[in-house]
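Structures for review follow.
Each of the next two complexes has chain A plus one other chain: chain B in the first, chain C in the second.
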Partner chain A sequence: MTAEAHTPPAGGISPAKRLQMNRLGLWLFLLSETFLFGGILAARFYLWGATRPHLDQILGLSVTAMLLVSSFFINRAEVAIKHDDRIEFLRSTGITILLGLLFLVGVVGLEWRTAPVNPATGGEFGIYGDVLFFMTGMHAFHVLTGVILLGVVAYLGYKGHFHARNFYGVEAAAIYWHFVDLVWVFFYPALYLMGVAVGPGH
Partner chain B sequence: MSRTSRMFLGFVVGFVAGAVLLTVMRALVGLSPLAAIPALSAGFTPFFNALAPLLSAGLLLGAVGLMLGLDPALGLARGLVGMAIGFVLGILLTHFVRLGLGLGWDAESAWVGGASLAPIGFLLGVGALSDWLKWTRGMHTPEQHGPPAGRPAWTRYFGFDQNHKVIGVQYTVTGILIMGVGGTLAMIFRTELAAVGRQFLSPDAFNTYISLHGIIMIASILLGIGGLANYLVPLMLGASDMAFPRLNGFAFWLTVPSAILIIMAIFFGGWDTGWTGYAPLSVRGPIGINFFMIGMFYFGFSSILGSLNLIVTTLKMRAPGMNLFRMPIFVWAILSTSLIQLTATQFIGLSFLMVVLERNLQMGFFNPAEGGNVILFQHLFWFYSHPAVYIFILPGLGIISELLPVFSRKPLFGYKWIALSSMAIALMGFLVWGHHMFAAGIEDALRVPFMYSTMLVAVPTGVKFFSWLGTVWRGKLFFPTPMLFVLAAIAVFLIGGLTGPPLATISTDLHLHDSYFVVGHFHATMFGGFVFPFFAALYFWFPKITGRMYNERLGQIHWALQTVGFYTMSLTMARAGLLGMRRRIVDYDPALGVEGMQLIVTIAGYIIFLGVLIGVYNLWISAKRGQVAAINPWGSRSPEWQIPSPIPEHNYAEPFEVVGDPYDYGLPGSVYVNMSPSRGAAASTPAH
Partner chain C sequence: MSAPDPTKKKRLFRRGLIVLIALLILEVLDYYTAQLLNGSVTILFVLALINAALIAYYYMHITTLFSEEGGH
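Coming up: the complex of A and B.
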């Protein structure tokens, strides 16, 4: 999807129309993904109800902040490339990738190891562990996809493929990134804030 | 060596390799190696049960050898090799990750790892990812048109191609092939059921065959719909192709490794849950369940991408003058179907993914001992799988509405109502899933609302029936094969519709649940909603696709056998169900008094099978030797009938303009499309 804008118009489809179609396709894909994450959230409420495990609140808040701030920087990158500012585009995309990687380290590297539901740290596995690992795992997989997409976009941008009249690749990656961020906006309270904390704590 | 002998040699080598490989694989997963096939004298049952997986493995790899012998450069042959490499890599990767975690060899995890990577290997091999990989390196790739350079035209059907007509044919032919597999399985277990007592199938084999029959037929229906939609929608809209041609090819080629994975389940102990894969049975069953679930996961991915493509095409690529309410009614049906497919499919993927995780990572989503909940699986599963039946029938109902006016020479009665009733069925489909769980112990408060929402679906469906009656009323009907199939579809779907409310009503459902009544009902909706309209569509558009006419007499025989056979089968099944015959069991109590009915159902099944065989033979032989067809043999107003058959690579020489309503048959002076707007108002409506 990243490089769709490189392709010349085929079958009499003008570049403007092609852009409209690409955008619609992307939004439909995100609509589909919404059902995936909606289903996961529904499973969380079905299984956990009004309870949640004891999780590290500082860590949760930190990774959430990183992801929210990263959305600001990817927007900055998109605006920069629309103004032909390649240096700023590369800098902002780089910061976004860095924040995304930090998020992954925070969730997969720290939260998974330290959560009181992890049997490796003497916690009790049970349904709290299952849902926690499933929700964060599915989301982290999408963050990883986003990081890879942004890596491709940054590489192509570095080689000079994107400019003020050809920015759809950046736009698509940015919208996908915002979407993954938005999913976390729902996942974070469902995991860390809602319901009564039960089970072993810190 | 001639091509034929290379193909033969490839098949033999592949068959032997498959049999050997299966023996090794079964030893690896801890099942008994098949070295000892019992002698026939020891009874047919153990002989057949041991031979069936061996034969399947041999046939599968034999087909690979056949393709390699035919032409090793074909996309399909390269894809199959890529799939095998992906399998090996996945197994190794999983094993090394486990070693890194300090765990030993585990057969199930290894096969799951292999099955997860195998489709990606297939896609790389077939070339479905080549363009996108080039894009990540900033390379420019033009869209591909026409057959591959320097190779015969038929090879494009066996490789990655971007033309929607080629992809439509690929979908349809794959669908028919898979339908043959599913139908053969049905004939095997129907033979077993023809009499009381165990004939020749072990209970495990029986369970695997009914499960495979269910899921393979579902895959076949989805492929058939993909075929019709891909071929027809761009033509009806006046587009030169789909919105995303590469994604279109990708979505098709994803279905092939998925179908192979599902069939492979048979080699790993099969699976005994039925196509629904309910937890906790699916968590405990043989390794084969993983193959079925991973296969369906990838298949769902293909459905999502295919429907995304169709929605964008429909919304963005319509010819000038074609507003939403001037679209052919079939396009409306596909649009509604695609909306369900785009969204709900995620839920079956989710539920199957959770089962695979529960099996392989010891999670406990559906295990009450760990705080999980079994009913959650059913909620997630039916949130897709009920709307899925509307995915199956809406395109078929669209075909009925599309063809009736042509063969009645009258306008379609209540066009807008039909269009919106498809949309209404699609949306209501999301609100009725609980009716599958009345007997499963769901919350009491949910049962009555689900009963009423289910009943409500009858309203938009009734709108369609009224419109069909209104369309044929005082029309000038004529009855070639497609029209016969359309009328039979309406009559059969009526049976499916009338058996629905007793199942939607909680009190009667508690009696009928899991009985043959449900089986009869479901098959009537699928035959009326998909199989009959699908064949109607095949016969109807056959002259346009191939440029040749099918054999009318063989078509009529096909129709007669299928209709009589189906009515007998469906009604007898419903009757046996009312008398208490449970579904999905290998043997039954003679005291039920249903043995005679079981025999009738089996014979009726054979008749249907024979009918379909004759139909497929008719299409095959007519494509090669049929009479050259006229450009518009049915006198249709639809634009695809106004251009030469077979249709040129880029469809229309010049974009057409829509100037009237699509179904104004018999209204003097009415025009639907102006085929050459640049040359003034040359009308294209046929006389009649």
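Coming up: the complex of A and C.
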């Protein structure tokens, strides 16, 4: 902790206190997101019960692995900037963004096109299509916003905005990215693994 | 904030890698558990909770929620 971090500015709150409030605010935001995704997950169990559509298992495993590896790299970027290693920070953030984009291609570009709940592939929407597209769509939207956020953070980092004494922006973006990963840790088994596969393609 | 410590950085990089390996093992375990136990919701949910706990503790630093340490 820096000495100035403990020095309250005249008439305001200290930077250390502000940091603490920023962290609390971020976690409260994530809590509200948890209710959103929790509700979607509950809808999956209500509508699908102990069944699921027949989805591409290899694709599911691959996109999940991509997201987990991306979490490792954004953690690496955060550690790097905390230690003034800007090159590693930029490299790891870039890899995270790339993996995030690959995840989007896998889910939106491939899974949506090939899923047997898509009329284009001879299936029909019904409750399987509704839930699948809503769960993956809402999650993909968060991945996209995370990619944009990481792009902004990488740009600011490139400009020298972040360093060992000022890294909260990176920390916040990393925590948001990990949250998106954490949500998928529940969505992946709920979509691809839980229950008995039914419908076309089985 | 103290001066950057290369040893600590390496240790944190290694810890991140160990957590990733654990997460990937759990993912594969998820897959095979589903095949062997016919998609058991309870077991898969427990595995997901373990995954989530690892991410929240090691990657999201949930224990530093009320901390004033770090950048600003």
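In this section, the second predicted complex is superposed on the first by the 190 of 202 C-alpha atoms of A that agree within 3 Å, B and C clash if a C-alpha of one lies under 4 Å from a C-alpha of the other, contacts with A are read in each partner's own complex, and residues count from 1 in each chain.
Heads up, the rule we're going with is that contacts are C-beta pairs under 8 Å (C-beta built on N, C-alpha and C of every residue); 3 or more make two chains touch, one makes a residue touch a chain.
Owing to the predicted nature of the structure, the values given are computational and were not obtained by experimental measurement.
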{"item": "Partner chain(s) touched by A:G39 [first = chain B, second = chain C, both, neither]", "value": "first"}
{"item": "Chain B versus chain C as contact partner of A:F133, first or second or both or neither", "value": "first"}
{"item": "Residue contacts with chain A in the superposition, chain B compared against chain C", "value": "C"}
{"item": "First (chain B), second (chain C), both or neither touched by A:P189", "value": "second"}
{"item": "Partner chain(s) touched by A:L47 [first = chain B, second = chain C, both, neither]", "value": "first"}
{"item": "Partner chain in contact with A:I95 - chain B first, chain C second, else both or neither", "value": "neither"}
{"item": "Which of chain B and chain C A:K159 touches, first, second, both or neither", "value": "first"}
{"item": "Which superposed partner A:G25 touches (first chain B, second chain C, both, neither)", "value": "first"}
{"item": "Partner chain(s) touched by A:L144 [first = chain B, second = chain C, both, neither]", "value": "neither"}
{"item": "First, second, both or neither for A:K17, with chain B first and chain C second", "value": "both"}
{"item": "Intersection of chain A interface sets (partners chain B, chain C)", "value": "2, 17, 20, 24"}
{"item": "Residues of chain A touching chain B in the complex", "value": "2-4, 6-8, 10-13, 17, 20-21, 24-25, 28-29, 31-36, 39-40, 42-43, 46-47, 125-128, 130-131, 133-134, 152, 155-156, 159, 161"}
{"item": "Residues of chain C touching chain A in the complex", "value": "1, 3-6, 8-9, 12-13, 16-17, 19-20, 23-24, 27-28, 30-31, 33-34, 38-41, 44-45, 47-48, 51-52, 55-56, 58-62, 64-72"}
{"item": "Residues of chain B touching chain A in the complex", "value": "135-136, 138, 140-143, 239-241, 243-245, 247, 304, 308-309, 311-312, 315-317, 342-347, 349-350, 354, 357, 362-365, 370-373, 376, 379-380, 383, 650, 655"}
{"item": "Partner chain C, residues of chain A touching it in the complex", "value": "1-2, 5, 15-20, 23-24, 27, 45, 50, 52, 57, 61, 64-65, 68-69, 71-72, 75-76, 79-80, 82-85, 162-171, 174-175, 178-179, 181-182, 185-186, 188-189, 192-196"}
